[in-house]
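The structure is given below, and queries will be raised subsequently.
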Amino acid sequence: MIVVMKAGASQQQIDHVIERIEQLGLRSHVIVGTERTVVAAVGEKRDGAKQALETAAGVEQVVPILAPYKIASIEVKKERTIVEAQRLKVGGGHIGVIAGPCSVESREQILEVAHVVKAAGAEGLRGGAFKPRTSPYSFQGLKEKGLELLAEARAATGLAVVTEVMAPEQVKLVARYADVLQVGARNMQNYPLLEAVGEAGRPVLLKRGASATMDEFLLAAEYILNTGNTQVMLCERGIRTFEDHTRYTLPLASVPYLHQKTHLPVVIDPSHGTGKASLVAPMAVAAVAVKADGLIVEIHPDPEKAWSDGYQSLTPAAFQQMMAECCRVAEAVGLKM
Amino acid sequence: MIVVMKAGASQQQIDHVIERIEQLGLRSHVIVGTERTVVAAVGEKRDGAKQALETAAGVEQVVPILAPYKIASIEVKKERTIVEAQRLKVGGGHIGVIAGPCSVESREQILEVAHVVKAAGAEGLRGGAFKPRTSPYSFQGLKEKGLELLAEARAATGLAVVTEVMAPEQVKLVARYADVLQVGARNMQNYPLLEAVGEAGRPVLLKRGASATMDEFLLAAEYILNTGNTQVMLCERGIRTFEDHTRYTLPLASVPYLHQKTHLPVVIDPSHGTGKASLVAPMAVAAVAVKADGLIVEIHPDPEKAWSDGYQSLTPAAFQQMMAECCRVAEAVGLKM
Amino acid sequence: MIVVMKAGASQQQIDHVIERIEQLGLRSHVIVGTERTVVAAVGEKRDGAKQALETAAGVEQVVPILAPYKIASIEVKKERTIVEAQRLKVGGGHIGVIAGPCSVESREQILEVAHVVKAAGAEGLRGGAFKPRTSPYSFQGLKEKGLELLAEARAATGLAVVTEVMAPEQVKLVARYADVLQVGARNMQNYPLLEAVGEAGRPVLLKRGASATMDEFLLAAEYILNTGNTQVMLCERGIRTFEDHTRYTLPLASVPYLHQKTHLPVVIDPSHGTGKASLVAPMAVAAVAVKADGLIVEIHPDPEKAWSDGYQSLTPAAFQQMMAECCRVAEAVGLKM
Amino acid sequence: MIVVMKAGASQQQIDHVIERIEQLGLRSHVIVGTERTVVAAVGEKRDGAKQALETAAGVEQVVPILAPYKIASIEVKKERTIVEAQRLKVGGGHIGVIAGPCSVESREQILEVAHVVKAAGAEGLRGGAFKPRTSPYSFQGLKEKGLELLAEARAATGLAVVTEVMAPEQVKLVARYADVLQVGARNMQNYPLLEAVGEAGRPVLLKRGASATMDEFLLAAEYILNTGNTQVMLCERGIRTFEDHTRYTLPLASVPYLHQKTHLPVVIDPSHGTGKASLVAPMAVAAVAVKADGLIVEIHPDPEKAWSDGYQSLTPAAFQQMMAECCRVAEAVGLKM
């Protein structure tokens, strides 16, 4: 940690900072610059110390040196994590594709989609049973009935079931049916939920919050990892910016950046990331080119009649075409699908 | 709802849109423009219809006309809502001030602060017992012990206790001690939590999510109102933008905007909204000038030793000075404090 | 244009809006909804009308139906524009690559880079002679001397010279040496400059402003097109968001979106778009996968000694490797490089 | 400057950084931490060094310690700058108010407005003669005719004329008529223009770019100050964020922040900052409460008929009321108007 003193900081203020650093169990190093004095605090402490110091009189700013997360860091674990569930494999040079409707709507719908997903060569089936909806007047999901239908679709196809869980008290129920527990973007910092899914012992797909920094995203993963659960996938699904021609802005640079910082696999969601069906396939292909470890895509047999997110859902035909193009690009960049 | 067709939309596509509109129980009006055709859909439907239509072939965009929220709207209830709890009164020309530490740390700390708060003329005591922290390695709150200390501070001062609740299963416990249940920014779209606090029958302070639009914010309030609970305060606490010299960007225009759209009172949090102690008092004074209905401010007897958020906490002396300046401005704009 | 009246708008207010619409030379259509009245204004007018109407009493909002740009629109010109200069070809299924240093620093540097660029199979040479720098204390470019060196490099390699022009009075000078005039992101809305480069009759590379919407971007292009100059390339170079781990956020969805709206070719700048050398190549490859019409990339023989932007410059070796990977992906998606 | 090495940086890489620091004329200090090594570079250098170092092998990041601007800094000049022109006075405890139409439209219009402005107690007259417009099809201003009308209005009222200049070659012409040269938000980083207005020797109102950080804003001011012109006002006019209910987001915390960093006066533009007439007065009052040094406000005798920006213009009556409320709040916070 580097404590930058204000230009006119007094010796007494500098001494006080040194004293505080030592009280915190860290060692201090003073560097007298031409315009400012800087005090370095050396040690392993990651929390608390920074804010204690930045409140001290005469301090301009405190610059942390260490990343705030540990278990998620590639400095701690060099081998890349591969997440597996049923036939789904995400990471380790293999791009796992999860597809399905926004919401489970009926037995026919989910079974039809599951067969489309499998036929196109994907390995995971997504589908919402518990739906977080912006409006209380929107369809909220079929709940346990939806979970049963997902399990039936798995039995019929062997696809891994990926579905969202919205509250700690739902975790047990959802984990009974799902292969992968999804934590939605709105819940990325719902810490009781992160701990509960961690403890459920199932692989977790953690979506990035719409305004989360990378450090916050990795710290949310750290909450799950900290329970001992190592099967965590990071899902980039777009951030909120001033752009109004897409639903969110999908920053694919997250993939190579995260690959430099963490061993966890990175999944791209081009459906929420763009919010427009016509942009989904191009961005899925680009995600493969940038070496994402997985894709999660919304598809629907008849998007116009979907109960939610139809505008960003691909038809089965469009999905098959997307998969074909993704496969060609995967090969070109040395990955498997 | 206005359905704007693409420039080259066929008559068949237009007819299909008309048919869909009527299937949805709405009436349609076709307007043939010079470059595009527009189909208006008339009726009360607020949900589902939009997305069904924007997926139809030949549709460029669908523009909603009605606000997506109802109970929160000033069109539905013209009289402004006043929220009251113990001696705290927020709204109706009265600015309610809630102050206290980020976290409850000890009996001495919270009692000392409570007396400072009361002496300065404020009416609510904030203090976190369950703390949502970005890092799993940060202090997570004293939990029930913290709630007991808050209740003791209320007994000693008559201040209303405002404290955060993080999960549905905590609501009963927290509601046993608190006068006002706070839903934090990270949980603004935690719908099971919104429903649980709504049903608890206590006033709720709902913080705006860091990247929530006003419609999303009001729809979150609508989840609570929809349970029958009418005592909801909206709290603007800053949004995430590219600005890096403050922790968040605090948009005070939210106050007059919300006053035009909703009857619910609006509280400003200048502590999180700026993240720097030196900016808190100026923004609190500005919030009064823009006619906020309330303020929520972090103070600490010794910010440098605070267990959390010290850098944005006011000292007791600074808080007293802030209150004095706020009072002068309140009087200048015709409000009471 | 759709004028949405407020819920309680009076008949007199509605009549006034109708009258105004007709004064503006448009036809009006009134639609009485269940909660609000809407007045559609039909006609070709693109400007002025909207704002005249949104100020009228009783008006809630005015929704434009037509895109604000015309010449840039794919509705007006269906054939895609191909931009050519020297051996550079951008668009029409051909990905044109422009590469070179941030700043021209010396004869040796620019000649060395030009040979690297050519050898790697790229067709354009970038290099700043007039440099817009955030700080007045930074290196501001070699000015005309830099232009001369660029021309010499062109003579030696046949590469098209792409260089920035910062002010209308520099246009003549720069156009004497350059094959393509670049308008930087900071100047995207410098209208006198847009008109001056338009009139210079050279192809223009127009960079998106860091906070420009797509409509603003296309309207800036419209300023150039409006002078009669049809050779305009749109360059997505990243937008300013809350993300702090990259210099800007590079939204590749701009490529398919712009391809749906305009006939102009789209070039991606992964160097400014990420601001980190280690992220440039992955994003360049992704840009090819999403079918960008061109790339513009910063390279330097010795990035550590670059006078500007070294941290985001590729070494010659890294650039060659990037080109090889881009070629493989271009082939996979059916494009030529 | 603090150079943070990567976790596994080799001794050779550390030695190389030390060598580079010394080549740059700075002194180095090595601090060996538990997980990383940090090298401090001590000296006055503000430019170039940072980027040279962050490109070196084994470097994780480089953290600057000194602010990048000098002349604008309050560390260099402690006395606050007061800007004066005609009867306008901005700073030094005096809030200067500039008001007028977006565009000068006619002799009658500007004279009528000027009298309204003066009668309400304001001291500056704004009005665009050269208008930067997003669309090439929008009204672009009366140009020199507009300047003449502004001068006539000044002659009639004694108000200081504040008007925008868009290009270096217009500066001489505009400076012949104007008392204050305005640089618009779109041109905040138009460096040739900043230098030209600096050299014109007139006071400058510099608007913040819609996505400019505070450091970028102050560095733009530094370009002007660097020409020897000391009469610079900083104008906060709102930033571009995800918010869609206002035209921009107006961050009033800029006022106290800038007061801590610079001696230059800070002017607030609530008209562009909100983009809605109904929000302008509340935000103007709040700007006074937060101790802005000035206000710039759009007013129009008949906003509905304004040629530009009518939706954010106040009527004369609304402006008078705004001024009255601002005066009461100014008094409450110890400022003069």
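For clarity, chains are labelled A, B, C and D in written order, and residue numbers in each chain start from 1.
The definition used in the following text is that contacts are C-beta pairs under 8 Å (C-beta built on N, C-alpha and C of every residue); 3 or more make two chains touch, one makes a residue touch a chain.
As the structure is a computational prediction, the values presented were derived from the model and not from experiment.
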Report which interface contains more C-beta contacts, comparing B-D against A-D. B-D
Can you name the chain that lies farthest from chain A, using the mean of each chain's Cα atoms as its centre? D
Once you find the CA centre of chain A and the CA centre of chain B, what distance in Å lies between them? 26
Per the centroid of Cα atoms for each chain, what is the distance between chain B and chain D, given in Å? 31
Between chain D and chain A, distance of the C-alpha-averaged centres to the nearest whole Å: 38
Mark out which residues of chain D touch at least two other chains, giving numbers and ranges. 211, 240-242, 244
In the complex of these two chains, what residues of chain C are touching chain A? 211, 213-214, 239, 241-246, 249-253, 255-257, 260, 273-274, 278-279, 282-283, 285-291, 325, 328-329, 331-333
Once bound in the complex, which stretches of chain A touch chain B? 20, 46-48, 51-52, 54-56, 68-69, 132-139, 166-170, 186-187, 189-193, 209-211, 216, 219, 222-223, 226, 240, 277, 303-311, 313
For the chain C and chain B complex, residues of the former touching the latter: 2, 4, 7-8, 29, 31-36, 38, 40, 42-44, 63, 65-66, 75, 240-242, 244
